[in-house]
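Each structure below appears as structure tokens.
Below are two complexes that have chain A in common, paired first with chain B and then with chain C.
So, the complex of A and B:
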């Protein structure tokens, strides 16, 4: 904290002014219909607090719980992501916020911590992850040294830090791909908002709809911002992106089982040769059905949040001008900042909803949705090979644009996936088909490699590659790895499901900064038989005992002839018993003869 | 014993290995080993463009081991040590036959073509024994230090090797006191080991971390990759709180054979070495077929006591069974997915039991042979042990 204060004194010229309350909290919901009857809803909440307020623990709009954790752990900048699902770039285009508010499946977290040595950074990271795991009801405390890496080129600070503070900070990045993001993680999110989900756009957030989405990502970003000529302040942004499938979200809560649509409501493809009364090829998912906010989110929006900046319209929707959008009475429509969207200023006391109608016109030239922007890069990653001893990873990176793309490819792999870096190879083709027309040498594609090998049970593999793909080319990046077998207690309860391998993080450096992530992977490791620990110990001990005992006996005992030596006591007893049996029948035989006499 | 015979066998073995090396896809089994092997292999041209050089290196190592074995066999130490002369020593196998049995053993060929680094350890052990027999204890100790540097367990062969070297010292430079001789040689071993560790220290950037990565792995069994031994499955299924205890027990067990065998068979130190090699190939932490091939290489030295062995058929059958079913069950577990780990584990048990039967049978035969010197009338009769 003393560091923050001294840094403050260095930078501030004028005494700090209280920032106007009006611009401290800003919230906005952006809706964008996507192809195949989906809609992207981006909730964005932003709070500022001046650094003097932050230091003196005077929390108004900045969540106190988060602020105190950050102070305790000496965090300069924090980025935390909870993601579920997969962004379908081919249908939905470029990612929202250029991929900067998205993480890999599960939990991903990176932070710049005040530390002069690596050990100090590890200590603070431990504090940070454990405290945040309590705050967000997520098992972030499992982000230990085996899941933490120190990226070199992939992440740049988004806030404004002076060069000397930056020199004294360490960046740490942790992933938890196995974490299932659920309502218990949404609740702390909503509790950190000033209006706590009771008014404004936060009132639309419902766990049932959010976690039913095709893709959802919850992000928290805390960073210091220093606008030129003004005082610095600390900004916390909470972003929730979700891609809802309209038909699925419209199913009522109490009756969510999909039921067959009555025949008169079916939307059929009439160009098919077999189209008739009795046969139908349904294309209702291709068009844009009609929907309204209350249907899709399951609840109406309750007015506006009184703490929000009244100048900023809370709801914006990006549709082409030809589409009709209906809003509740009392709301005012405005042209959006980017010229393409329509934004609405709401009546603070009434519920608000937006409704879009289905375009039933036959004029195909009428656009239903704003065409999604093509992304700079497509990335896919999968496992190759079979068996539980070796495998390979293949990443297919496609550059569909007209300019060369340079990016950093970061992978944080678990230690039990032992990669062979010498097998890292690339080959380029001009289409996405795997035809091998040219195999260019690695140095053309891979510019730099930052590699930190794994240590068993101590740390994972960190692999960062700076790659450059020419325009309209596809690169296949492959490498081999070997699977380790783990101890009994290191397997999760569902061992045969496999182990999650975190998503690869791609940071595009040129032509413009963007982020994307591949999907996570499931790694199958060989498993022992879990029902048999006792049996294994017994069998192995028996084998050892037989060997040792046999050898010991042979060494220690003395040789005698087979008939020499003292008779064995067991044999003597047996001989006695035999003799007894022999005598008794002889006795009974003799008596009758004596009686006869 | 003729040079032509020797050359013939060596050339045949080399050609066979070259042919097998040429088959593409036979896997590389170079695992994490001692640091000094790295500069050795970096001296060779790049393995991917010129694989012939690696092949030649491994073939050379195999031929050197065979050479040491020939010297061992021809010295007649197996039947006729300094303190003991077997009544059957006339029947011993000739050196060339022993070398041929070693070179054409499928297990040896597999370890060579698979490019395991155990072949270096095997070569060093054989050289140490051969040099000890031929009266150069210093060379023997240096060779044993190299072997111990590469894997840890050859250090346990030090007592019988000292005894062997002591028995076979050349007359001109004799040390009469066994204790002095032993102390001198232990110092030699310690010195050479220290030099080798120092060189590794310098090579790995002036850090002692390589000790943890090479010897530490064997001591703590941190890598549990399935192999033909007994340790891996045991320590997979073991709960963490008992690991340390059982690791200590297993290592103690491995070390317990040295003292007993050396005392009981003081008159035949080479036999002690052979039996110990058999024991190690069963009970060391990461055994492989290369260790078994070393034991089977030294076994024909005792051809004169083969008639006294009782369970040759059972042991041979068990070993063959395990050799054929082992790879099959491993494939079934790891690749086909239709078997589980227990299949392969059962095979490792059979392999260990077969080998232990062979080792104890050899011990019995040697001891009986020894006993028949004082009781020559018992030749061919039934005996028992009490």
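So, the complex of A and C:
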């Protein structure tokens, strides 16, 4: 009997499962403690809708606001990134999602648009950026043609497209390095989630904590997916990665000033000979502190999202098996798929929290964290040179692994940074000893160059290089540029701050696909003293007044001979006066002469 | 307008005008000097103000205190334990401490050579990445291991370490904070800043392994005292008389005085009552250090790269402790952190006469310009004079009556009064004298320090003998005339005037000092009496460049060798150009002046 009931239940659920397959929702939070008391929190939300539903505007879990924009702008595939801070690869290792879910500092987006010509693509791109700008409260509408490029090598469509649709699509890529990502961008992001921030892992997203993170990246990816033998559907993935500093996040909201701790709370190295109650060598930075979910995110997790797939555990944590993790009662621990993580199935109606305890400092045997995986490539880019006329860029690309790495290096530079491609050069040194420099010819490192030069005020420079770095080698990629002088109305109000240059995008092709980005740069251009126009106006006015006065005088004057003209009235007056003065003394003193006359 | 021109044109033939220039020239020198002396008066200087609103100095609470003091004591113990160790061992320990609280650390070694000495060391620096920043901007805190005077900067280093640990906890930094520990205050920062901007010579200075964004400002702590301090000395001079933005100095003075109650002073004027005398002394001290062009502290190396920087040096015995100093740094860093743009408002050219009063460039520049103009006026006067044949003056008087008539007549009278000018000898002489300046410039910058006093004495003797050689040895071979003497002097003064007026915009003080010392050169000329000539040349010898250097060195109780070693050091490491001005501008002018006094024409 019981068996029958369960069979019946299964039969009843089956159709609803089928519906869910066409339009389902999945969310998961992965926590990974990192060195130096940081923790990486990766939020992943995925929902999809069948293409037929999408075309008939039948939105269920797919956000309608976004869907309508995509339809209107003819977008096949969209990738949008909001990033703040930088990923510290040296300490934190490889990036989450292999770096595919992050952008350069600021806002970055790229999309495949339905367009048969470049003009049409530009038009649709303009529509798309303006619409998204409104939706996400970001200045995406400032992605104009000077900040838009058409990458050739770096980006490949992630979704499934048929060959004929791909032939009729154009890839455009735009970046706004100066855009400061903040809460106004998070709110529309959360609004697109089926459970908003009310339940499930979305309830942990708090602007105060997210934007206090050492690194955070919000990503939206929309792509069509066609599983073999099934109908195609459109998938939207929202990802938020953040690296929280535990000590900073644990501070209570009302008292977030990091005042010095009371002396008795200092953790001191008591083995120091000078240790006393007034002298303390701090060792509180060693070891990861104890924390719990509610503390670091400022609130506990509010149950699960009822729309989410109940089979997928919403919270996972990656810590070594030897470390104790405590979770709220009612939750169920499960071994994660990769063996290193522990996942939790929760009670859908209760608050959930997770706690990690502090390790005792004498307990050296226990591993605190899962050792971060080393990245395939380290990239560091900086400006060289000084002064207002020329400059240079140096990218230091280090391959720490034992395999050769091949990748595409993409630079999208503003037009006022005029690069000299002939100065593009590489030099190689082994990672271990930088002194033994060997100058390998460019051709051994740079395999391919795709260069689209800038046009003043019309488009920026696009430079794509396919590079190959041998194992354990460092490549110094350098090129020089000239700084253009802008018209004085082209300067922004904070001209003396400099101009942001977008991050370089590195797409690793082999041994496996991976992405990373350098930090953005601040470029100083020759900046005029903006009080100068007033000085110039005053100067030129004076000069013109003087010159014009003289010239006008000569032009309108009628020249006549000195004897022809009428006697000058002033001269006559002067003569009269003179005569008067002359007469007086003459009358008194020179009486005799007059008499003589 | 046209009438004005014609009046001016007619005036130029007036013999009274031709007599005027020497007096005018003298008047320029006099006004220039008086002008400078007037500057400290209330009417000619202004009160300091913060021009960059973003700085908001002293508007934040500073929290560096409490248990941080315990940490500071511990770090000071660590630092004091390293006293006898070498540069690398010290850096190993500092690196360990910095890495302990998660700061990225880099090292850079360098070797400089100057005056036969080798200056080498290793810089250690840590980058405290702004929690939410993107490595586009950075501010720098410098704590040299050895203070400016060469003492152990133990409080400075331990303060920098504890501040780094303290700053790490704040999430409000918008710029990276770089903490640099150079081994000394004179060479280390120069190597570091050069390498940061890739302007270093890779043969001597290693590149930096780690970098951040564009530097926005720097503070250096020079704190070797062992006791509580009374006041704070703000050192702001950089090499070649460059200055940091006035806003930075104002902000630090404001934070120290207004918020922390620490009195600050500048240019070593500890007792400044705000009187005319004190102001004048402060200004003269400032001008002297600007004129010498030496780097005053570890902050100096930043300024040529348009990174504003000052050194803070606690002074005296009082009641302020290290934590107060730490809070001054914290407050200043919070102000710099507020900057949205690079410091650009306020002034880059100023003379400070008190910690809160300054003279702006528009007010002080005319004095140096007038001094420089005096040479140009005399040069033009001599040029005109050299163009007149001896009899032309009488002809001039004859044509005076007909001056108002047509242009043609003036033209003809001009040609009749003009004499052909012989250029080759005067130009050659001036060029040779200037070319000879390469000798002292090269010798003093390349000899080892031990040989410098001997070389100086030898050069002094040679320099004194040179005018006699020219006048009595070489001169007569070319049979120079009075006109040649005029032209030689005209060219020499023209170069001097041009060089000094250009220099006045770059380094006002140096231009003013040289202008003043060279002023007599525009008035000396040979007379009929040989005795008078010799006595004037003897007096001129008193103001010869070597004599002045010797006198200045003895007044300050330094050896000449030491001064020259310092100059050579500055030339090689800081790129100090004072030797060029002294040997290639002033010394040739003085030599020509001597030649003219002794009588080139041999009358």
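The rule we apply is simple: the second predicted complex is superposed on the first by the 497 of 597 C-alpha atoms of A that agree within 3 Å, B and C clash if a C-alpha of one lies under 4 Å from a C-alpha of the other, contacts with A are read in each partner's own complex, and residues count from 1 in each chain.
As a working rule, a residue touches a chain if its C-beta (ideal position, glycine included) is under 8 Å from a C-beta of that chain, and two chains touch if they have at least 3 such contacts.
This structure is a prediction, so every number in the text was calculated from the model and none was measured.
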| item | value |
| --- | --- |
| Touching partner for A:457 - first (chain B), second (chain C), both, neither | first |
| Which superposed partner A:486 touches (first chain B, second chain C, both, neither) | first |
| Partner chain in contact with A:30 - chain B first, chain C second, else both or neither | neither |
| Touching partner for A:154 - first (chain B), second (chain C), both, neither | neither |
| Which of chain B and chain C A:537 touches, first, second, both or neither | first |
| Partner chain in contact with A:398 - chain B first, chain C second, else both or neither | neither |
| Chain B versus chain C as contact partner of A:553, first or second or both or neither | both |
| Which superposed partner A:384 touches (first chain B, second chain C, both, neither) | second |
| Partner, of chain C and chain B, that touches more residues belonging to chain A | C |
| On chain A, positions contacted by chain B and by chain C | 386, 527, 546, 550, 553-554 |
| Complex contacts: residues of chain C adjacent to chain A | 1-2, 63-71, 73-75, 77-78, 100-102, 104, 129, 131-137, 165-166, 169-171, 197-199, 211, 213-214, 305-306, 340-342, 344 |
| Complex contacts: residues of chain A adjacent to chain C | 36, 84-86, 88, 90-91, 105, 211-214, 245, 247-248, 257-263, 265-266, 268, 272, 274-275, 278-283, 285-286, 380, 382-386, 392, 394, 494-498, 500, 519-522, 524, 527, 546, 549-550, 553-554 |
| Contact set on chain A toward chain B in their complex | 386-389, 456-457, 484-489, 526-529, 532-533, 536-537, 539-540, 543-544, 546-548, 550-562, 565-566 |
| In the complex with chain A, residue positions of chain B that touch it | 222-226, 230, 232-240, 253, 256-257, 260-261, 264, 279, 282-283, 333-335, 337, 340-342, 345, 349, 352-353, 356-357, 359-360, 363-364, 367-368, 371, 375, 378, 381-386 |
